[in-house]
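Written below as structure tokens is the structure these notes are about.
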């Protein structure tokens, strides 16, 4: 039997040599199941909205690159390492009439889903995309993009970014205004004219790259797709009438790092609970309902945001009428890296703690 | 120098041994450029239509599987080896009110593009697809399918099949009515509800198979896509406002053997000539115009069909108004097998012989 | 009931309009099962060899591009349309000491498998590949290649090409000596140095193209792989110890149109019969044995060649000692186009007619 | 101008609402370039070896799952979050004669590269792999594996795992001995018999999955591949004679999360410096030399390990004789997620600070 002194000497030597005994830390390094630091959490719009409005007064667009209020998960730091889940960033962006958030670009991928307000636009590599409620717009990695509100009322949208994952994987790059020649203007609606109708492609284009060539997914079409699918009765047992936005050139997710989903929860339905690796950030776009996440019940209504950490049991249901949820998730990463795993309840659902 | 007798003895021995001297037949076996047997040809609807109508009287549906009048290329045999191009089959199918063409299935892939008539439907593996003019419908390989006309007027559509290629590659299979259990009925419009809106997918489906999961592409959407693309000014130098129907789960062609295209030729435009490996069969759906194929001018109008053999120079132009062409081609095969090659004129166009 | 005159008039009109009634030719166009024109056949080396040798005297290399004796299937024409199967070309090539077959290139893909003779080489795009018995060498589509014998004895190898399929799909191109600048010389063995060890790749190369970057597969390695696999007892129920040559950058076949196989049939084993779409041409490299193809028994020994048409039942067995067969097939085409289908006998084997 | 009190109230409210103002933390969230926490570091074998040996005495295998001494980067915590780079874990594992590290499995992927000692084996899903110096062995995700030393001397190998990334992406799972039925025994050398010769595959297997089907890459072959490549003069400007181990069924990396490289640095060569996203952990297997990483010079010799963080400039050179480095990296992740970026010096090299 080694003496305590021998052991102390040995472990001290290990530390000095920057060697760590795996047998002491095995459970931390190889958890038996995913161990997210992020916790289930909900951000109520009625608490958030006053702060959003105050930011319009107190945080001029000139102060930083964007006027964005990030959803800071209580399980994660409240500082430069804040995040909504362990890999994703969800936030609300607020732009007043007449304001313009200047162009920049980054290696991280971003999406916007418009919650309210007319008259805003995002210009991506020279192509202006005018957006209104329910519209979904992409600003792909390393694409120059700015945002502008030429309407008469403030605009609020949800930002979704993979910045947490990209930073932690040590792949982040950023350039601000003036650091490179701006993109040449392109005709508005160009990508939508080529790609938005779906199941058709311009005969001369075969985009197989990692990012969707379609920049703007209008609500008119998204909503119609949900209605048609709902009417057909073809639904997901866990997510009811759920559709993922796709890269029309590959059928895959819009980005390799992040997929985006719109789902209609029908009134009176109770989809089943399941859990899987990968995390998500949700925004309630319409209606009201609730989710049970790891046994905690979160009621939500329009404008509320919430998150589901990796491997957390979750189920969603509409309230009296139907409800529509938009969400972002990191499932493409889980699948590409072979880390996707799923379990579903066959019947019944979670017990609320 | 060998004597003639020696040579005769040698070549006679070769033939008896079923050995062929490549040095005698090299040019036939390895042509310097594609040598299609099919020739450019046009089938005028005004000559075809009387025969189509006569077939309704003289060729009862009970006689064969289908009442189909195939476009028999003059460069190819007029018999069991007839074909429209060296690899493709184009035809008109005619169904009278009250008729039903019984179910069968085959390893070959088929498409239908409706030229005229309301009230017809194709049922594919139990899913009924009601079709009208401009609609495009798939009956994928080995899927049971029948056709029915419950309307009040005859229906005419173009059939496009890869049967020539499939037979020559020795991959053909066929089963007729009663040879296997019929497909279970599925809700009408089910595939369209999942896939037709495009750039969205049901969250629970990831079809990466070889055949499009979308069976019916309605004209309403196809026409709208053409209009949007035309309005955006984004066009192909050779084919003007041209779009290919896609497999929404992969972004690729609807079949691995055959791709399908809809193109709007704008009035007053003169797209450039090009040639490429692979052949095509065209149907004029609307308007009038002309094509120059290997220096021969073919004027066409609604209902006319024509073909472009492999490696033939071709150009298309609308007449006074705009025109719309539908076509099938074997380009996916050329690309998958590494046989695609293309040449385009930089300016000017073909001289008409 | 239509009169005979009416019918004659109708069908005559159809023919004049180059329309063919599908209901009359349906069975020819959509066969119930693959209907190859090629028949099972065997070419005996002891009958072939005297003709090969005679060709060295009577057919100077200057007469055609190559001194190649093609295996002309008795079910196919004996002329410019001769072929070994419906899609493939197999042949023996013969080069005398001091001879050189000049450079050319074609869109068709070719392989060589050396039967006998030392001292030959094939130069592919400037890279010389010295070959001996059992070596397998690629001359990919549109790559300049010549052949030379600097040894002291004649060399005989099997040529395998997809020229039949490429011609029929109308994708053939050819250029002879002097039509383009020759390829620049590259170091001998360069592709093998990068790729031959397998399961390792040069860190700076990621070849995902359609053709294998490895040009020469030496017998030393091929034979060793067969031995190891045989010793491990892991075998195919139909083909015994069978391995396919692969494209090391993708793991797929060496060409998109043609795959190549080496198989060791162990003494005393009787692999089961199966049939599948796609055809093959075999060469016995070592030993002796027999195959039963569609119920006909073909005994073979070193140098003999035989073919298996599409969908033909076939089984192979070694004689008293072990035997080694090399073969080419068109299975990658069947698979890429969705035409592959297979049936295997669970027990027992074919009855010989 | 808002007063300080107004601002304090606003920012306090933000924090209470778990909203974080992006404009205050933008630079932390979206760094201008990758900002690894890991720093370049070298672990000297002569300092490490005594601790490795001491662990044989002081850390019985029964204490934890494995006797593994992890390389704990000085820029990262020294605790349960210790790691070698921001995404990777490198370590030395030590097994004494007669010892056996019991079976377990995890969602993380692991590799072993044997530094010294004969007589050890790793059994993966029932297939025993006997290993010696220079051998490279895979224990793929969720495969049961144990390690045993039946030789007469201790064995030391390098472990490489993606556990850091897998844990941070919240995809970790682990099961220990007895938690599930053990794998059925399979013949030793089975995967190598099917796959090790390379550029050949068993005719009946088409593994397109995410993990290499080859478990054991013997040094005999790896070393021969390096020699051949070196002799051919085909080298990488940055990494000299460098080869990546591949998944023989796809040509891609052995895992989707981690690629592995063996490189021979020739004497007298000075490869150029470059930097790229992604990190690596190196082990010197033979010889001696040095690396310059972000301007710091690290001399190394046999058994030394060092790391290169993401986006760090690095260059490697052998000393007087040649040297061989083994390394693991996360480049497949960078590439799959679209995060790969690279810069190389055209001439000259880094200045040592």
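In order of appearance the chains are A, B, C and D, and numbering begins at 1 in each one.
Basically, contacts are C-beta pairs under 8 Å (C-beta built on N, C-alpha and C of every residue); 3 or more make two chains touch, one makes a residue touch a chain.
If you're wondering where the values come from, they're calculated on a predicted model, not measured in any experiment.
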If a chain touches chain A and chain B alike, it appears here: none
Most widely separated chain from chain D, with each centre as the mean of CA atoms: B
Whole-Å gap separating chain A and chain D, where each centre is the average of the chain's CA atoms: 30
Rounded Å distance, chain B centre to chain D centre (Cα mean): 52
CA centroid of chain C to CA centroid of chain D, Å: 43
Residue numbers of chain A (touch at least two other chains): none
All touching chain pairs, where touch follows the definition stated at the start: A-B, A-D, B-C, C-D
Residue ranges of chain A touching chain B (in the complex, touch as defined): 187, 189-190, 192-204, 206-208, 212, 214, 217, 221-222, 224-225, 228-229, 231-234, 236, 239, 242-251, 261-263
Contact footprint of chain B on chain C as seen in their complex: 2, 6-7, 10, 13-15, 17-36, 41, 43, 47-48, 50-51, 54-55, 57-59, 63-74, 78-82, 86-87, 89, 91, 106-109, 141, 163-175, 210-211, 255-257, 277-279, 309-311, 330, 333-334, 336-341
